[in-house]
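Pasting the structures in now, so scroll down.
Two complexes are shown next, each including chain A; its partner changes from chain B in the first to chain C in the second.
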Partner chain A sequence: MSRVKRFFRTYTPFTRAGMQEMVAYRANFLCFLIGEIMASFIMYFVWKAVFDSSGSETFMGFTMEDMVVYLFITFLAGYLTYSDGAFTVGEEIIDGSIAMRMIRPCSFEMCFLFQELGNRIISVSMIFVPIVAGVEIYRYVQAGEVRFQPIYFLLFLLSLVFAYMISFYFNVCYGFMAFFFKNLWGTTLIKETVVNFLSGAIVPLAFLPAGLANVLNFLPFASLSYTPVMIYMGMYSYSEIAWRMGLQIFWLLVMYGLSKLIWRSAVRHLSVQGG
Partner chain B sequence: MEAMIYAENLRKEFKKIIKEPGLKGAAKALFKPNKEIVTAVDDISFEVPAGEILGFIGPNGAGKSTVIKMLTGILTPTSGFCRINGKIPQEDRKNYVREIGVVFGQRTQLWWDLALRETYSVLKEIYQVPEEQFKKRMTFLNEVLELDSFITSPVRTLSLGQRMRADIAAALLHSPKVLFLDEPTIGLDVVVKENIRSAIRKINEEEGTTVILTTHDLADIELLCERIVMIDKGRKVFDGGLSELRHNFGDVRTLRFELVNGPDFKLLDYRRRFKLTDDDVSAERDGSSVTVRFDTAKVSVEEMISYTLSTVHVKDLNIKDVEIEEIIKKLYRREVSL
Partner chain C sequence: MMRYIRLHRIFIAQYLKRLMEYKVDFMLGAIGLLIAQGMQLIFLGIIFSAIPALKGWQFEEVLFIYGFSLVPKTIDHLFTDNLWMVGYRIIRKGEFDKYLTRPINTLYHVIAENFCVDAFGELLTCILLLAYSIPKLSIPFHWYTIPLFLIVSIFATLIYTSLKIMTSAISFWTKASGHITHMLYMTNDFGKYPVTIYNKAVQALITYVIPFAFTAYFPATYFLTGKNPLFCLGGTVIAGTVLFLLAIFVWNRGLRAYESAGS
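Then we have the complex of A and B:
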């Protein structure tokens, strides 16, 4: 018990600092948010054109209403589970300030995790309710009935937590690569695009050829946003939800183990540059 | 009892990719990097007893910072090991760093975007400093480092001198047994330097904190350190007290004569008179005065004065103490054989 208490006492200040940091750069956050929401609307119009020109009510099993929910909830999930710890680790390795973290008696990734949680708490509180409410109002207007299902919503939240943790450890692994590459800018661009595609953030995995979709469904990337979004939309049965969440936990453990492994080898390769 | 800091045969090699100049070289390095192993620290051993302030000096690129980074557990030595406070930094980093404080003059551990005060409250939790002790500690640090006037300002708005004081306070908050200071006075003005030196002295005297200090400002060394370790090109070239350094590497003295008619180097030819080389004696004109630096192993102070007095009209005479700086300059230039 006291160990748990000590753990939280050590790391909660990071959350507090992360929140304060977020507030200090609120204008930056707002600009970012507006840009992202505009991107979602562009996707909306693209899909609207696809649906309008297809001439039928449904496209690959999705109605336009499903598509709108998919787009905005994917945006939400993507945003909530996005972890830029990798970039921070990478930057700090490159400019050598990683040294200042190593002189503190804390676990590396826990500092990042709790600091990022602080960032997230502020941004979540600003966008979560408006987006979910907006999507539900849209659904109500379209269907003429309340489609919101509390159980799926709660399972969605749980799945989001797993998704965030997978994303976090995946990015920690990736960030530690800076120990070997010394620069992450180019690879980050590739990574973001590949992950966006593989996780279904650009095109729903259900739209892809069956063989490819099956493979992608099993990869960790689907766990990042596709799984929680499908749960939210009520596309999965309970047994399928159980199996998907099991898969999420599996990938979480894999990423966690991998990050530990990479860290152990990376620390021996560390050459703090400059100063 | 074992020394507080014990380093044995520390060695650190880095792999360096050699790029040939130009675009062709860059392309070549991309596909077939030409790697070279650079030895930054080569077989360094030393120890520091508890409560001592050790000055760690050497020219730029000598490997000082690399040694400090190995001692603080940031880098892993290629071979050799160090044990500080009975612990090997690389083995149990989290527990080890609990009892040390580190300041890198060129970096900061303060939270850049937050008010300075917030950094301290974060550190308080990380190091689990009890509330009571934290308050006492802050009062003490405020007193020696004068943080009061900027403790509510965001760190990014602090001046370099303020930031350095704040960083030193951050390193001392948890009352560490060992304090590592890597160039703590870099880029600071005389007043702040003095302030920081007296803080270091006070902490060392009152709490018996062992301090390792690297610096390029030899005044830091003369005012703070009982002992110095000098390294050059990764190797240890001197380890001993300041008086020993003076004794071993020649007593350089400086005499300043103010002359009635101004210096006339045709008359005052120290080199020819004492048959010395440029390394052993130098005479510089400074208005109507002449400043002579010379090695007392070659010519005595008495001889020097009597020659000058008998050659020109002297209005005033000033004898400066041995300048460590002169010895170290010579050492850096490798003029002293070891």
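Then we have the complex of A and C:
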């Protein structure tokens, strides 16, 4: 028990720092957010035109209502599970300041994790409610009945937590890889567009050719946003949800193990160079 | 004027030397933009595999407008990318003082300092799109089509650049404005698609307020149909000119308000 207590006593200051940082830059954050959500609105109009032109109520199994939920909840999930806290690891390895982290009596990735959690608490409180409320009001107006399902919503939240943790460890791995690439802007752009596509953020995986969609459904990227969003939309049965979440946990363990592995070899590499 | 052209040659030569040192960086940036554009095109491809036309627009026409939208975007990206840094870093870190001590125009100097070759990824997409779509469309072709295209591209680029100058100049007062530039810049994606798919409010916004519709849709429809040259091309020229004059004005006012942040 005391170990748990000590753990939280060690890391909650990082959360507080993350929160303070976010509050200090909240105006920047809001501008950034408005810019980002613009893309979802463009997609909304494009899909609306698609539905108007196709002349049928559904497009590959999605109604327009589903599409709106998909677009905005994907935006939300993508935003909430986005993780770049560990990105600085790469930079710190290059300039050697990682040594300072290593002599501190706390785990380096936990520092990042708790700091980012502080960040997320503030940003979630600013955007989560408006987006979910907006989507649900839209659904209510369109369908004339309340479509919000508390059980799916809770499962969605749980799935989102897994998604965030996968994203976190995936980006820890990426942060270490950044060590090898100098153009962080270029590689990050490549990583983000590819992840975006593979996670179904650009086109729902269900719209892709069946073979490709099946493969992508297994990859860790689908766990990042597609799985939670599908759960929110009520597209999965309970047994399917259990199986998808199992897959999420599997990928979480893989990413965790991978980050540890890379970390260990990076440390060894450092000790060779250091002196 | 001649002096600035000569200077620009020197700046670019200098930049290319730096570039040769970091070939991989350049490749990665360009590949990243190429992939980003490619993903969007896959999206369009999937849509058009299921419907014949988007609100009356054929696949090739949509690709042409999309490709056209990349022309000013690429030129702007290639030459004036450093403006982003004004809002994000240069003023906040007090680096702007450097530009004030030089005997050349500050705005010109900021812009000329960087030459963003990453834009070649977009350029390649743009060329591929236009090369693919133009032969499949019956575009009315006259002797003046190409000169008009070049002229209108310049003014469309001015729309982009001017909006970037204005939003960057805000940081003269606020020290940082990169996020405002980002917010405005993201609306440019509205211009990639035929504006008839948007509702009236959005159409009015991107035609008269933030005139991104004039960077692609209106000029592109003129080239597609040959109709309405006065509004489609004239609008681009007017929007570009007015915004540019406004941008110069805001920049100069900003310079007067500027206080160094450095220590």
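Everything that follows uses one rule, which is that the second predicted complex is superposed on the first by the 254 of 275 C-alpha atoms of A that agree within 3 Å, B and C clash if a C-alpha of one lies under 4 Å from a C-alpha of the other, contacts with A are read in each partner's own complex, and residues count from 1 in each chain.
Note that in this section a contact is a pair of C-beta atoms (placed from the backbone, for glycine too) under 8 Å apart; a residue touches a chain by one contact, two chains touch by 3 or more.
All of these numbers come straight from a predicted model, not from anything done at the bench.
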More chain A residues in contact - chain B or chain C: C
First, second, both or neither for A:V267, with chain B first and chain C second: first
Which of chain B and chain C A:E21 touches, first, second, both or neither: first
Partner chain in contact with A:S107 - chain B first, chain C second, else both or neither: first
Contacts of A:A99 with chain B and chain C, given as first, second, both or neither: first
Which of chain B and chain C A:F218 touches, first, second, both or neither: neither
Partner chain in contact with A:R9 - chain B first, chain C second, else both or neither: first
Which of chain B and chain C A:W243 touches, first, second, both or neither: neither
First, second, both or neither for A:Y140, with chain B first and chain C second: neither
Residues of chain A contacting chain B in one complex and chain C in the other: none
Interface residues, chain C side, partner chain A - complex: 22, 24-33, 35-36, 39-40, 42-43, 46-47, 50-56, 118, 176, 178-180, 182-187, 189-190, 192-193, 197-199, 202
List of chain A residues in touch with chain B within their complex: 6, 9-10, 12-14, 16-17, 20-21, 24-25, 96-97, 99-100, 102-107, 267-268, 270-272, 274-275
Chain B to chain A touching residues, read off their complex: 14, 65, 69, 72-76, 93-95, 97-98, 100, 102, 104, 106-109, 111, 113-114, 118, 121-122, 125-128, 154
Chain C contact footprint on chain A (complex, rising order): 27-29, 31-32, 34-36, 38-39, 41-42, 45-46, 48-50, 52-54, 59-60, 181-183, 185-190, 193-194, 196-197, 202-203, 207-208
